[in-house]
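Each of the next two complexes has chain A plus one more chain, namely chain B in the first and chain C in the second.
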Partner chain A sequence: MEDLTIDDLDNISTGSDDHVQITPAEVIEMMEEAWTNEKFAPEILPNKSEIVDIILDQITTMEENIKKLSSSDFTKSIYQLEVDRLRFLVSSYLRTRLEKIETYVIHILKEEEKRVERGSEKYLTEQEFEFAKEFSFTMEQYFDKMMRFYPGVPADTWSNKIIQPNNNTFVFLKSKKRIEGVPIDEGNAESDLVDIQDGSRVIISYNSVAELVKNGDVHLI
Partner chain B sequence: MDPDELEFLGEKVYVSIIPTFNNDGIHLISGDLGPFRASLPVNVPLWVAVSLKRQKKCKIQPPDWMDMQKLEYIKEQEKQSSGFTKMPSDHYMVEAKLLLECAPDDIPRADEVRTIIKDIWDIRMSKIRSSVTKLVKNSDFYAAVDNLTVMEINSVRPILPHALDHLFRMKNTEKTRPTQSSNVSSFLLSKRASTSFHLSPVTSSNTED
Partner chain C sequence: MYGENGYTLIKELARSEDNLPPYNAELVTHISREIKKIYDENQIDAQQSINENIEASILNTIRVRNAVTKRNVRCLMAYHFNRLKCLRTMRWEFGSILPADIKSNLSTAEIEWFSKYSRLLANYMRSIGEDGVNLSIDLKPPKALYIEVQCLVDYGKFDLNDGTTLLLKKDSRHYLPRNECEELIRQGVFKHII
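Right after this comes the complex of A and B.
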């Protein structure tokens, strides 16, 4: 199997400038993790477009190769099956993100704007950002038009009610290393701290572990 | 999460098969498989094994733990222990379901295996139910679930996280509006006094609510 050399994968490498050798199998593993994280996290997570792109490339190459196989070859179905599985993984991941964008569009755009102002890493990809803007524009237009039918209702009532993800929600996670002093969010000012062992599984408020999910120390399950 | 999606993740587990064909190897994106030599065992992901089995191109060697003796032992341990014992595989239900479905002829005493795995699952599920009750009653906002497999965790979703969400919200409302709740309790107390129900002292107004 050929190893891929990936230069621009800073956020999943150890932060060194060296070329990181990552096998496609490892990329698939990262994709699966990104998928479950995205599924269980209440808010939208930083995008993993590098991983998605690598997998899509692999799929395209593999599909070219599959075309060359004769249809009597029984291994063809296995190759095809793998491609289908990966395609499912990627589309389910992207669809989960789109669902979140549609639900929390105003909130997500606001947060993204703040991130741009701060100069920190963007969460949405270019295309997702484009989609979010168009979606919110169309929604605003729609609501404005609808509101004309109800003259009694102040026109901007709906725009003050922003749907936000519930980041207090509870999630199950698996830890990838020993983490000390994770606060247990009980809604009090003072909270108990807990140490999470390497490989252990816990249920905890998403708020307490949001950063750990984003930097990859824990994995939502 | 949909159980099918968990099955998808579980299908990555490797199992040993005995192919009935010769092939120099299958070069998948996720890695190379083979070479395959008829009647020599080789490890492949579960989804490949299932697909080959359906094409009648291999026999599947069940995983070590899918054996009556071992399963009897696991069941006994699970019965005696008050906590959860470690399962031989994080995807034991997925593996059992797929293998028993597509290759019952390759698993010795398949019917008994099916029953005993279901028994183990049932014992664990009843433990899960009682721990969930305990968790919610104590309104703990943290719990370790170390030996639970992903399918078992999924079985308490979304009910447990939702229940905790609600508890969390109630607790927060209590905190942020102390004056209101004390008004309510004094109101209740005065009501009680006026109707002269002062036989038993009212300790907690919340329960009267």
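Right after this comes the complex of A and C.
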């Protein structure tokens, strides 16, 4: 049903920068992957704002096309359901990211700063970064107000105890290609290595595969 | 006993899991007064121990007092932080306007924080994509386009997106588009019949 809807309703071509054509079905697949990855990874992942933008465009186009259909048309409800699904996908993805930003705000801002210094790719989108900054500011303001009435007491601010994501949790993943020599116990030089076969499913500590998730070699499930 | 109030405060919040208990301003002031008192006592004693020969007994007292101060501060922080977390969940549930009975349980600072957070979230949602995405709908994966709901209160007239107007009475049942009644379900006007 997915193919029918998408082929019928729009003809969005993407990736115009490098002139690679991606079909809408592929974009949705990428979005789904980004969503599950974000859902199961303990830390925040690099943003996929390009895919999100494409999907949002697609939703708008589809909604416009739906309006043209008469309400007695049976296909209309099917298209509508598809749009609803897409919308859930995108908003759930963005919500998951927001939740992580709120919980780990100080940690994330610090990491982001380091990434800027190193000149490497940013994880947050501009809007998310703005949100994170403002959010930590309101928290600080609030706690300043709470602690104001005993001057002189050593400042034990809320930001002293940083909440960090637990990157040692175990995750399920599906590999997209053959990967050799993944350390089971990341950070331990004598750790055993494991080879992951193409298409195999593995349960492993997130630490060991964080990089693989970020560059898209494996897919969290 | 020192530190007891802090414990009571945390206990009170922990006991009511889902709903927010009234802001316990009395206990909070009590604790902050305790902190201040202990802190002042400590300073005097510390000053004394510098001026005179250090007595082991005073040192221990200072240490215990310091621990109490720290613990009290942590309790206060935890209390306030967890209340904010609860408030945040409410923003997602009720939208930017809080029901009056919840609002009466909050302190002024909390209400202020809530409106700031609310504004922040709205700004963020407006900034995504070209004309913004409302993230507070579509909270659950859609299974069907229409759902059956039962009205729990006398709500009055309700306009649907396609222009038809419904009269929502108590105990009446309707078959409506899911995305239009999601918010009413969360507000407790509708009950979703599965």
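Details
As a working rule, the second predicted complex is superposed on the first by the 192 of 221 C-alpha atoms of A that agree within 3 Å, B and C clash if a C-alpha of one lies under 4 Å from a C-alpha of the other, contacts with A are read in each partner's own complex, and residues count from 1 in each chain.
Just so we're on the same page, contacts are C-beta pairs under 8 Å (C-beta built on N, C-alpha and C of every residue); 3 or more make two chains touch, one makes a residue touch a chain.
Here the structure is a predicted model, which is why all the values come from computation and not from measurement.
Once the two complexes are laid over each other on the shared chain, residue contacts for A:D185 go to chain B alone; chain C is not touched.
In the superposition on chain A, A:T75 contacts chain B only, with no contact to chain C. Of the two partner chains placed by superposition, only chain B is touched by A:A25; chain C is not. Applying the stated contact rule after C-alpha superposition, one finds that A:F88 touches each of chain B and chain C.
By the touch criterion defined above, A:Y142 reaches chain C but does not reach chain B. Across the superposed pair, chain B and chain C both touch chain A at residues 77, 81, 85, 88, 92.
Contact residues of chain B toward chain A in the complex are 1, 5, 8-9, 21, 23, 26-32, 47-48, 51-52, 55, 57, 141-146, 148, 150, 153, 157, 160-161, 164-165, 168-169, 171-172, 175. Remark: chain C residues 32, 35-36, 39, 69-70, 73-74, 76-77, 80-81, 84, 88, 109, 112-113, 116-117, 120-121, 123-124, 127-130, 133-135, 137-138, 140-142, 144-145, 162, 178-179 touch chain A in the complex. Remark: chain A residues 52-53, 56-57, 60, 71, 77, 80-81, 84-85, 87-88, 90-92, 94-95, 98, 102, 127-128, 130-131, 134-135, 138-139, 142-143, 145-147, 149-150, 152-153, 156, 158 touch chain C in the complex. Within the complex, the chain A residues that touch chain B are 1, 23-25, 28, 32, 36, 39-40, 58-59, 62, 74-75, 77-79, 81-83, 85-86, 88-89, 92, 166, 168-172, 184-188, 192, 194, 200-205, 221.
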